Structures are given as C-alpha cells and as structure tokens.
Amino acid sequence: MTRRSLVVATLSGALLLGVAACGGGSTSTSPSGGSTGEAAAPAAADAFNAGIGKVFNPSDKKGGVIKFAISDDFDSVDPADTYYGFAWDFLRVYGRSLVTYKPAPGQEGNQVVPDLAESLGQASDDNKTWTYKLRTGVKFEDGTPVKSADVKYAVLRSLDKKTFPNGPTYFNDWLDLPKDFVSVYKTPDVKTDSAIETPDDQTIVFHLKKGYAGFDNFAALPGTIPVPQAKDTGVKYREHVVATGPYMFKSAEAGKGYSLVRNPNWDQATDQIRKALPDGYEIEAKANADDLDNRLISGDVQVDLAGTGVQPAALSRVLGDPALKARSDNPTAARTWYWSIIGDVKPLDNLDCRKAIQFAADKVALQTAYNGPFAGGDIATSLMPPSIAGHQDFNLYPAGADNHGDVAKAKEALTACGQPNGFAINAAYRADRPKEKQAGEALQQALARVGIKLTLKGYPAGDYFALYAGKPSFNKENNIGLAANGWGADWNDGFGFLSQIVDSRTIREAGNYNMSVKDPAVDALIDKAMTTADATARNGVWAEVDKKVMEDSYVLPAVWAKALTVRGKGLTNVFVNDAYGLYDYLALGVQ
Amino acid sequence: MTAPLDVSGTELQAAPEAVVEGAGGAKAIQGRSLGQIAWMRLKRDKVAMAGAIFVIFLILVAIFAPVITGLLGHPPNEFHQDMINPETMGPKASWGGINKDFLFGVEPVNGRDLFSRVVYGARISLLIAFFATMLSVVIGTVLGVVAGYFGGWTDMIISRAMDVFLAFPLLVFAIALAGVIPDKAFGLEGDTLRIVLLVFIIGFFSWPYIGRIIRGQTLSLREREFVDAARSLGARGPYILFREILPNLVAPILIYSTLLIPTNVLFEAALSFLGVGIRPPTATWGGMLSDAVHFYTVPHFMFFPGMAIFLTVLAFNLFGDGLRDALDPRSSR
Amino acid sequence: MSFLELKDLRIHFPTDDGLVKSVDGLSFSLERGKTLGIVGESGSGKSVTSLGILGLHKGGRARISGEIWLDGEELVSASAEHVRTLRGKKMAMIFQDPLSSMHPFYTVGQQIVEAYRIHNDVSKKVARKHAIDLLGRVGIPQPDRRVDSYPHEFSGGMRQRAMIAMALSCDPELLIADEPTTALDVTVQAQILDLMRDLQRDFNAALIIITHDLGVVAELSDDILVMYGGKCIEYGTTEDIFERPEHPYTWGLLGSMPRLDREPTERLLPIKGSPPSLINVPSGCAFHPRCAFEDRTEGRAKTEVPELLETEGGHLVRCHMPRDLRRAIWENEIKPNLEAAS
Amino acid sequence: MVTYLIRRLIGAVVMLAVVSMVTFSIFFVVPRWAGATPVDMATRYVGRTASAEMAQVAAQRLGFLDPVIVQYGRWVKAIFVGADYDYGAGVEHCSAPCFGYSFLSRLPVWPDMLDRLPVTASLAIGAAVIWLIAGVATGVLSALKRGSFFDRAAMSVALAGVSLPIFFTGLVSLVVFSYGNPFRVTAPGSTYTPFEQNPATWAYNLLLPWITLAFLYAAGYARLTRAGMLETMGEDYIRTARAKGLPERSVVVRHGLRAALTPIITIFGLDFGLLLGGAVLTESTFSLPGIGKYAIDAIIANDLPKVMGVTMLAAFFVVFASLIVDLLYAVVDPRVRLS
C-alpha cells in the first residue's frame, strides 16, 4: 500500500539518519558461546531473546542458501557508497576492510579486530599517523592478490562525493589531502602520499590533519575494502563489486535483488573471523513490508535484511502468540528517537521554558507513539543510548511516578520563564513517518496540560533537513520550536554517535542534523574528547557531553530504539551484534 | 421509468408526454413545469429518495459533528491510551474496544475515538467534494458554453485544453502537486491551505469532463428551432445565451454535478490515502484507511472509514442516477 | 374470408402512469391487390396497429387481444416464432424514417441480402444479385455500385427506395407502409407513391398505407380508415371519405389537408386542441373535447361512447349526431368552406 | 486520411510538450517559490553528509545552478539526441530516448521504466480481459432482461462496485485472502513474477489485483453496456431488423450489440491507455512494482527525472490511446469520416 511505500521510502531516510555502523569480524575462530561443537548441534529450543547476548542454535554445518528480503533496498552495494547499518553488516560477506568489529554477541561485538590487516593500527606522531600491515595470500575473486595500493585506491575513490554521495565523509574530513586533489577520476596523477602512503605491497600508512585516537573505527569503515583500479567503473562498480570475502556477486540488480555464491579465491587460512557456512545468499529487494513479515514467520524468508523489526500488524501477532514470541528477539539499536528543542525560537531561548517541555512531556505516551517498549524502545532519559560505550544513566527531568509527565514541575518552570499560562509553538515532523506523527500528537496532548499549545507541521521526509527543520532560518520564520529527530551511531562510541548532532560548529545554512544544540561548553568538551587518548577517560568525557546537552535541555529524548525481530526458520549461529543492533550476518548458517 | 421502449414505435416513445398530460388533465398542463414533472418522477423512485435522505443525513452529521461527538463520543484528537495495550499498541479490549462510549472502538497506538474521527471525517470529505465539484462545474460550464456557443477558434482552443487535461496522468499529477506545495502559501496555512489546495486540485482536474458534456449540449441547442426563432426575432447573443441556452443546460448541469460529487469524494479519499491530503491530526477517511493498513490485524480500524466512504459515494450515486432518470427519461438507465 | 382480417383488435400498454390503450377494438378487412389507407394524428394508434399485425409489439409488456387473420391464419394466438417466419416473407413493412430505420453500420446491400437470406436458403452471391435487381427495380441508378454504399450515403428518396426494395425482397403478400413519405420532400413523395402503386400492381400484394395526411392516401388507396384515440371513427371507400365524409374529425382532416392542386399560400382549417391522452380517454366520445358540433348531440357525447354504425354501403361512422344532421352539416357548412378555399 | 493522421500526430506531440512543461515547472519552479535555492534543492540528494560543499557539488552535478529554461532544454534534448553521463570512472552515453538518470539511485530512468512496464501491462491486460467479459456480458443480459431480478441484482452490485474505493477493496481482499491465511507462501498480489519466468505463478500472484481492479471497471462497464444496449434496442433499425423476420438472437447480436459496443470500445481504449500509464492506486495497494508505484515512489523521494519520465510515459499512453480509438472508431462506424 502506498502508506507502506511511504514508510519504505522513508525507512531509507530512517536508516540514513538512524542506524549506521561499520564492518566487523573477529579473530576468534568460533563466535563465543563454548557450546559450538564440530558436530552440527541440534536446533536449540526457541526462546524470547535467545539471540541476544548469546548464540542461538550454534552449529558449524556448511551448505544451504540463506534467503534475505528487504522492503526497501541497499543505497548501494559499493563499499564506497553506502551508509546503511545493515549494508555495513552484510557487505562483510563479500568485502574485507582493514579492521572490523568482532562477530560476537553482546558488548563483545563492539570490539575492533583485524581483518584484512594483520593487527590493529599502529599510531605514531600523536595519533596523526596510522600504519597497517596487510595479511599475505588474500586474493580478489579473480585470483589477483590484494595489495596495499588497492586499499589506498579504494579509500581515495570513496572521497569522490560527486560519484559516491551516500558514503560517510570521515576520510574527506580527516585525511591530509593535497589541495589540488579532486578525485581519482578527475585528477588521477596528483600525488596523494601526503594522505596515504604504500611503502610496499603489504603496508599502508594514513596521515591525518590532526590526531585522532579512535582511528581504528575509520579503518573499519567499508571504504577500506580494497578495490582493483582496473575493475573500477565508478557509479557502475556496484553492478559488479569485486569480492575479497568468501562470497561474490552472481547477480546484482538494484531495486530487484542480489544473489551471492562462494568465492573460489577466498582462503580460510587468511581469515580467522569468517566461517562462511552457507553456500550463498539470495536477497529480494523492494518486498511488501507486511508480506515480508508474514513470509518471515512462515519461513519462506529467513532474514529481514533491514532488521528494523516487524510492522505493527505482525507485532501484535508475534506478541500475541507465545510460540511466535519465542522465535523473536528484541535487540537495542544504537539509536535514539528524540525531539530537538530549538532555542532560536522564542520563548524557548529561555532555559526554563525548555525545561517546562521536558517535565510536561508524557514519556509513556511518547514510547507508545514510537510503537511501544518492543518495537519502539526503552524510555530515554538522555541523548546517548545505553549501547554506546561510556553511557551513563541519569535523569535530570523525572517525569513523575508513572512517567506520564510532572505537570507541577512543568508549571513551576513555566512561571520561572515568565510564561505561567504557557505559550504556542509549532512542531515539525516527517509527514510520512507514522511514528513521528503519533509522537507529535502525543506531545500535543501532553503539553496542552500546562498550556503549551503545539501546532503540528508535517514535512516531506525527503526535504526535512534540506528545506525544513534542518534549516535554522526556516525554523525561525515558521516558529518551529520542536522538531522530530533521530540519530544512530556510526560506531558505538561517543564520537560515532554525538559528533554529528551536538557540535554547534557543524551547523550551516541547511541540511543540519543538529537543529538545536548550541553551547560553546559542549563544543569544548567535544574537542577535549577528541584528543583524549585513553579510551575510558575519553568515554567519560562523552558522557559529560551527553549530560551537558541535557542540562541545556536542547533535546527531549523519547526512546532508545529497539526492534522486535523474528529469527528465520532453520537459521544457525543466530545472535545480535551490538555494533549494529542487528543479527550478525557474517555468522549466520542454515540447517 | 420511461415509456416501454421494449416496444418500438413512435407512439410508445411519445407515451410519457401523453401520459403526463392525461394524468393532469388538460387544465393542469400549463401549470406543470419540467421541474415539477421531474420531482413527481423522483418522488416515485424509492431508491433515489433513500440516497437523497442519506445524503441529507450526512450533511447534518458533518455540520453538527461537534454536537454529535459531544453527545456520543470524545473529541476526535483526544488520546485514550488507557484503552491501548502498550505492547502491541492495539486496543486492549476485544472487538477493537467497541463499547457504549466508543461506538466504533478506538484507534491503535493513541486510542482516539474512531466514531468521532469518522464523524469529523465526513466534514472534510463533503466540504472538499462539494466545493471541488462547484469549482469544476463553474469552470466546465463557462468554458463548455463558450466553446459550444461561439465555436470556431474559441472552441478549438478550449477543446484542445480539455484534451490536454484529460491526457494528464491525473492522480500522479495531483499527488505531485499536493506534494510540492509548501506548508504555507497564498497567505494560508494548515488545514485551510490543504483544503483549499485539494479543492483546487480536484476541481481543476475534473472540469473537462463536465465541460465536454456542456459543450456538446450547447452545440446541439444552438441549432435548435427555438434558438433560431429567437434569433429571427432579433435576439442578440447574450439574450440567447442566458434566456434560451442556459436554462436548458440546468438539467444536465444538475445531473452531472450530483454524479461528480461522489467521484470527488473518492478522489479526496485517494489523495488522503496516499498521504498528500489533509495533514494529521485532522481526521480524514482516506487518512484513517492508510493508517489502518499497518493494523490490518484490528479490522475495525479499516472497516468504519471504508464503509463511510462506500456509503457516502453510494448514496450520491443512487441519488444522481435517480435525478438523471427523472430529469431526462430518454437516458434509459 | 378475406386475405387480411382484424377482429376487435386491442393493444394496451401498462405503464407506471397507467394503462395506455393504443389500439382499442379495431376491426377491418383487406383483399389482395387492394390498398387501405389508415389515417390519424400521431397518437391515434395507427402505427401500433401495423406493429400489432407484424407481431412486433411482442417482447414488450404489451397486452394484445382480438384476432388477426392473415390468409386464413390467426396471428394473435400463433407462436412468436411462427409469426417471425411470416414476417418479411408473407408480410413486410416500410418505415417512416429510412435513415434511422436502416442500420448505419451495414451497407444497403448487406441489409437487403440479410433480409432475403433469412427466408431463402441461397448463397451470398445469389442474394447479392437479387439485391441489385431489386435496387434497380425501385429505380436506383447504377444499383451494382450503390449496393455497396451505406444508408447515410443515399439521398432521402433513394433511401426510401432502398427501404422498399428491402421490404419487397421476399415478394410479401401484405405490405405495410408507415408514413412512407413524410420524411421526404413533396416531389420525391410523388415519385415514391407512384413507385409503390406500380410495385403493388406487379406484386398484387395487399397494401396498407399509414399516414396522417389524407393527401397521400387520396391517390393510392381503395378504402380509408380514420383512427382517433385508438378507435376507428370512420371507414369507407376513398370516394366516401372525400365526397361525403360524416365524422367531424374527418372534416377536420380534410380541412387541414394540403393538396397539390391547392394554392400553397392559402391557410388550412386546423383542428383545435391536441390529441387525447391514451390513458384516461375523455368520457363518452373521445373526440368531444375538440368537436365543434358537440352541442348538437343533446349532451350524449360527454356520456356515452358512440357506436361505429354503417350509414350505407360499408361506409361506417362513429358519431352521436343523427345521419341526416351530419350530412346536412357537411353539405351546408363544411363543404362550401373547402370549395371556397379552392 | 493521411493528412488527418499527420494532424493528429502533431497534435499529440504538442500535447505531450505541454504536459512536460507543466510537470517540469511544478517540480523545478514551485519549490523555488517555496524559497528553496538550487543548493537547498540539491541538499536532499547528498545523503547523510549534507555539508554545504557537498550540496554545492550535488547542485552542480544535477545542473540545478542553470536557469530552469536551460534545464528543461537539456531534458528535452536528451530525449531526442541522448546525453552524456559522467559516472565517475568515465563518461557514458545515454542514447535517445534518454530520460536522464535518477537523482538518488543514479540509474538511467528509461530502462528502469521499461522494466516496470510489463508489471503494469500484465495488471492492465489481465484485468481488462476480466472486466470486459464480465462487464459487457452482465450489461447485455441486464438490458435484455430489463427489470428482471437478475437485472436489479446485477445493477445493485455494479453500483456498489463503482462506489467502492479500490484501496479499500484491495486492502480487504489482501487481509482476507492473503495476510489472513497463515499457510500461504507468498501473498498473491504482493509480489510479481515475470510471465516468462513462470506463467502459472505470474497469474497466481496477479489474481487478487486483477479481480479487485476488474471489479471496479466491470461495474462501470456493466452500467454503460446496459444503458447503451437499451438505447440501441430502442432504435428504429432494430425494429426494421425484427420486421425482416430476423431471429431475436441475431437481432441482438448483429444489430444491437454491434451498435451498442461501439462507444464502449472508445471508453475502453481510453481507460486502458490510462491504466498503462500506471494503475497508481492498485499498484500501491498491492505494492506491485509497476509504473504507478514507480511514480508514487519517485514523487515521495522527489526523484525528479523519474517523475518526469513516468508522467511523460503515462501522458503518451493516454494521448495515443485516444488517437488509436479515433482511428478504430472510423473503422467500426462507416459514418465517421477522418478529416
């Protein structure tokens, strides 16, 4: 139905702004849970959340084809051109980045481990130079060995945003590139050693403008998956991505489907994190979302690639039926659904008025609006979700005993800001997102209790950031005080989650994801975090950032996203990798 | 009903006229206008009358929506999350939570009173349908008459214009238009803007249909004796147009307006269904249906708005058909 | 018994508004080679009569009673299927408006061929030859070419000729012409009438001409039947009707008859009022509301329905006025006016 | 005849030109009224990293910086002579008819549309067959048995049919026949299998959409046919045919239907043309990847080249359907002369 197609169309949006993580892998031969025997283990008993924190139905049995389906589609299967979390999870089956995340259940999954490289990066020159040594014997699907030059080329081509607009821009922003370099296509002869050096075929060295301790997270980006220059056809490369992983593309038709088969030139000896159990993968794109759920339940499809959880209809079916519920998991994504409280708009320039909103909001209603505890998520009390390393639990604005909002406190706050009878503002949301619509209506109801009159304004998701809520001038003109927003981590640390959405220095004319947080103190903390080498200390700083943002009350957190996903029939080694909040596609097998 | 056309032969087709005269007796003949004759026939058409009555009922419902919901329901946008199962977001109670103070049950997620929302939906639906129809009838009639009456180049241009309109992939185009118009335009905003916008879009795209008919009618009327007569008596253009032609267009205009309204009701519903209609939280039938898509496990959610659309359109169609049969017996439907 | 005989024929149509008595107790008879003219205003039931004879009222909700004897066969009680086989073969009809009466999508030839092949098991080729002959016979130039033209490509007169050709395709013994010339202009009218006279002579068929125009039947018919309100109100030889008509309505018709031998300039004497309703026919004499002499019937006109009585030699009249009075009125009041007019 | 054809063809082209201009301006001019600068407009196509320079790059890549007229000119030119597209590693020639490249997927639009056409065509053809047979048959029978129980029943159903929004009937049928049934493997109607791949599944999966769509039209056609039949059966030439002694069956078929169906053909031609341009609601309801769905998705995603392309395609079908219908009419009805 069209509404569904709207959802689909914007789901992509959701992912663009929401989920996003990196490649993964691990040095351990068998993903956790000692129960893994050589003999195919008997199918484990179904149980709710059996795939979370532990491996469900572990097995080493090879063979079979895993059927994926997705109601939308990849933005692109070209490693240089994708920003979808599920894509970053999936493309590890055909591409190998320098390092990646450990295919293990629970927190362990956030651990960066070497993949194409022999070990994690060697930092020098106070984190400005990073060196990686490639494993020997790794080959492309056509048998040619992988050289460091191929990695360098891959990273450089990914910088060409004219050709690959979808991918992240970390390398663009951090690499120390020569001024005259435009792109590998336009200026192929420009020397780029100032950014990346390849002293020999196995060594690659990155030079950054300024030091960054967490560079391994960059090295884990799909951008470092090697691409043979000879085979690069720019935009059209996605029609046949040259594989380094255990699987290669048999067919890749955007908008229709993809099928992958074993890559004869992949050698288990060079790879300690992949077990490559199935003989291949079939992916059906643009499936009917409700139909997809039903097929997932019936067993006709085994994995919902997007992993964003079942549609409401199926949700009630799954939760209503114990047998079905036992087949489902409820993973937490590193994503927060929240509402920006925009200080540029009067009277929200006043802290107390902003606080009033925090207190008046009905957290339970919000949670329900975002589809409840299972499909929506846990009630959020701060911006940074729990799955982010260094997350600290705190609640500056307790919403009353039953979490339906603290009207009394809200009234106080209003009086404090000189608007005892409340005020009127507009709230922006993405018109084609039922959840945000519902959330807006929930807020409308809740704030009305203290006299804050909310007028809802739906805007097309496609232009939401470009033309509407993402455009400060627009918000001022249209008195938009609240704007629905959502954000997911690129990887699970403070930088990966917060850097894009609380740094006031990133705010520009239009296309902002940070719509409200403007606090020099926050900016200062961010800089501090960047340069803190020690991980724990660094995470502590990010926690401070989170706290500060909440103190400023620039953000009304709604839920820390969760999804209700159904484990496909006959799958083995099923577990959720925290790095993505999705099933780890690398480990999956079939009986 | 008309003469028993099953038997051919001039007499028989002439019968109804003869009948009417006879029925009234020679005296009454002068006194009875076409309108009265039509009304007589209409009154005899039970189905059409049923349709008419339902239409009137709908209009009353739309007008007194606040009163009705005040008595029998809750404000259309009021949440009742106590009625909702927080996990599945569906209604707690079975049968979609239908009970004495939620006559149609509640919406999933927010537990709004479905009854009130359906009632308020009638407002939007009828409002837009009526005004859109008016718009298209006005445009259609004016251009149709002009084209038919003056003929020549004027006719050429207008007819071509109609063709162009008919060539547009209507729905796609309407959606596109409704999609790109900013939230604030022409000094309007919010529902008002959306309503005006939809009225404009719908009305503007359906005028060629009525335009063609009117043009045809005018063409044939222009050649009729009584017009020649008037002309020979020295009547000038405007007089003929307003005194001789327009009055004779009343019947077709009436018929096609009544038949256009239901089409427009469907059109509005479609646009709302596709998400380019009136913006939430304002209740529209089409909008409710599109929300219901994701909650097909609670069928009442799609049932009531769906039936509302169906019955409304049906009623208008029944009435329209009756009206046509009454106003022009030859259209032997 | 004569070739065609109607006995107390009644055709009624129940409608939502009441019972339409289109034909109400009509009787007459007709011999081969003879011509009967049925005259009356529209709504007088003349066309329905003809349709009744051909059994074309069937399929509708028409109620028919009485007897129709054609060549010794009773048609009212006969099966529809049987009547169908007679239609077009034994009895054929020529309709008023040839344009609307011929199918616009088929060529004239096709339509004649169709008519012919229903009743004669012959090849298309033969039938086509036959059609061309017929067209030639009804005086259509280059029939072998025109046979393939469509009705709308013919002139009015040509069309009517083609229509006649179609009717004659199976040499019917009874030919009914319903207003055969009203759609045509005067000169063509004359041609068509001549044509029909000739054809009837060669075919020796019984011919019924239905018209509202006495002028048409004046030349052609042997007998004339005047219908009003579904009833016969005067019947007699052409001479009877033209020389000594006895019914006020017939006088009216004569008065309003445009004749070729008259000056087109002079005004006719119209009949006041309009044809009666066929549902509730005026009480008593159906004609009384329009009758100029109604006052001379001692008021019986309003109350009793007059009988159809013979005045002399098969001349029948349906009127309350005594015979002598009628004759007197004709001689002294009506005839002079008509004479004066000419 | 020939001159007529030429005139009509020119007319068609002009009409398409007008349609294209209007559509183009709606998408390229209206947003500017809304105060969007070319860069703003480009921002929506640069994915997540919408930095100012990125937007600039995109605006330039998509050619938003040129005046609208120039952009339109470029668009038209591409259709007739093709265009060159820089896909990074080199330049590719997109040969005419080139409807440009999607702003989002950056795939050429034309092959993409051709790809969707079979879906819509299958939907339209299948439904058309059903509704023509069902609709016309019902109409004729009702007309012949006028006032009978069958007539009343059929006409009531038909009236209900034209009064039901397809996205409601479609939804209900999906719930009842597809989602409702836990044993079924794939929902008929929610997936499309190419005919050449497996005719059986093709038909099976399209069954629901076909019936739903056909029901709507069949209802309309039944009403039309009935009306037309009643009218022709009252014509003089039908009386003539009977007077010839023609058996009733051939009176109805050869004379009645022949004339009554002519206008139906016209309407059918136009309806069918309209459908080929995308059965928007049906395809959306059943999420069939046809032209209509393509259009909706494109509009929602603001993928202008796609929207332009699909609008033109749809308009093309309508315009040419009407042309063909007129020609056809001249064939069936000898009175019509093309000039």
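When the chains are written out, they are named A, B, C and D in that same order, and each has its own residue count from 1.
In this text, a contact is a pair of C-beta atoms (placed from the backbone, for glycine too) under 8 Å apart; a residue touches a chain by one contact, two chains touch by 3 or more.
This is a predicted model, so every value here is computed, not measured.
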Chain closest to the middle [Cα centroid of all protein chains]: D
Selected interface, C-D versus B-D, where C-beta contact pairs are more numerous: B-D
Whole-Å separation of chain centres (CA-atom averages), chain B against chain D: 24
Centroid distance [mean C-alpha coordinates] between chain D and chain C, Å: 55
Geometric centre distance via CA averages, chain B-chain A, whole Å: 49
Sequence positions of chain B contacting 2 or more other chains: 6, 8-9, 179, 273-275, 290, 293, 296
Multi-partner residues of chain D (each touching 2 or more other chains): 31, 34, 167, 171, 179, 235-236, 239, 242, 281, 284, 296, 300
Sequence positions of chain C contacting 2 or more other chains: 51, 56, 59
For the chain A and chain D complex, residues of the former touching the latter: 1-2, 4-6, 8-10, 16-17, 20, 75, 83, 157, 160-169, 183, 185, 232-237, 254-255, 286-288, 290-291, 294-295, 297-298, 300, 313, 432, 460-463, 465-467, 470-471, 508-513
Of all residues in chain B, those that touch chain D in their complex: 5-6, 8-9, 13, 160, 163-164, 166-169, 171-173, 175-177, 179-182, 185, 262, 266, 269-270, 273-275, 286, 289-290, 292-293, 296, 299, 302, 306, 309-310, 313-314, 317-318, 321, 331-333
Complex interface listing, chain D residues touching chain B: 11, 15-16, 18-19, 23, 26-27, 30-31, 33-35, 146, 159-160, 162-165, 167-168, 171-172, 174-175, 179, 223, 226-227, 230-231, 233-236, 238-239, 242, 270, 274, 277-278, 280-281, 284, 292, 295-296, 299-300, 307, 310-311, 314-315, 318-319, 322
Residue numbers on chain B that touch chain A, as the complex places them: 77-79, 81, 84, 86-90, 108-110, 179, 183-184, 190, 273-275, 279-281, 290-291, 293-298
In the complex with chain C, residue positions of chain D that touch it: 235-237, 239-248, 254-255, 258-259, 262, 332-335
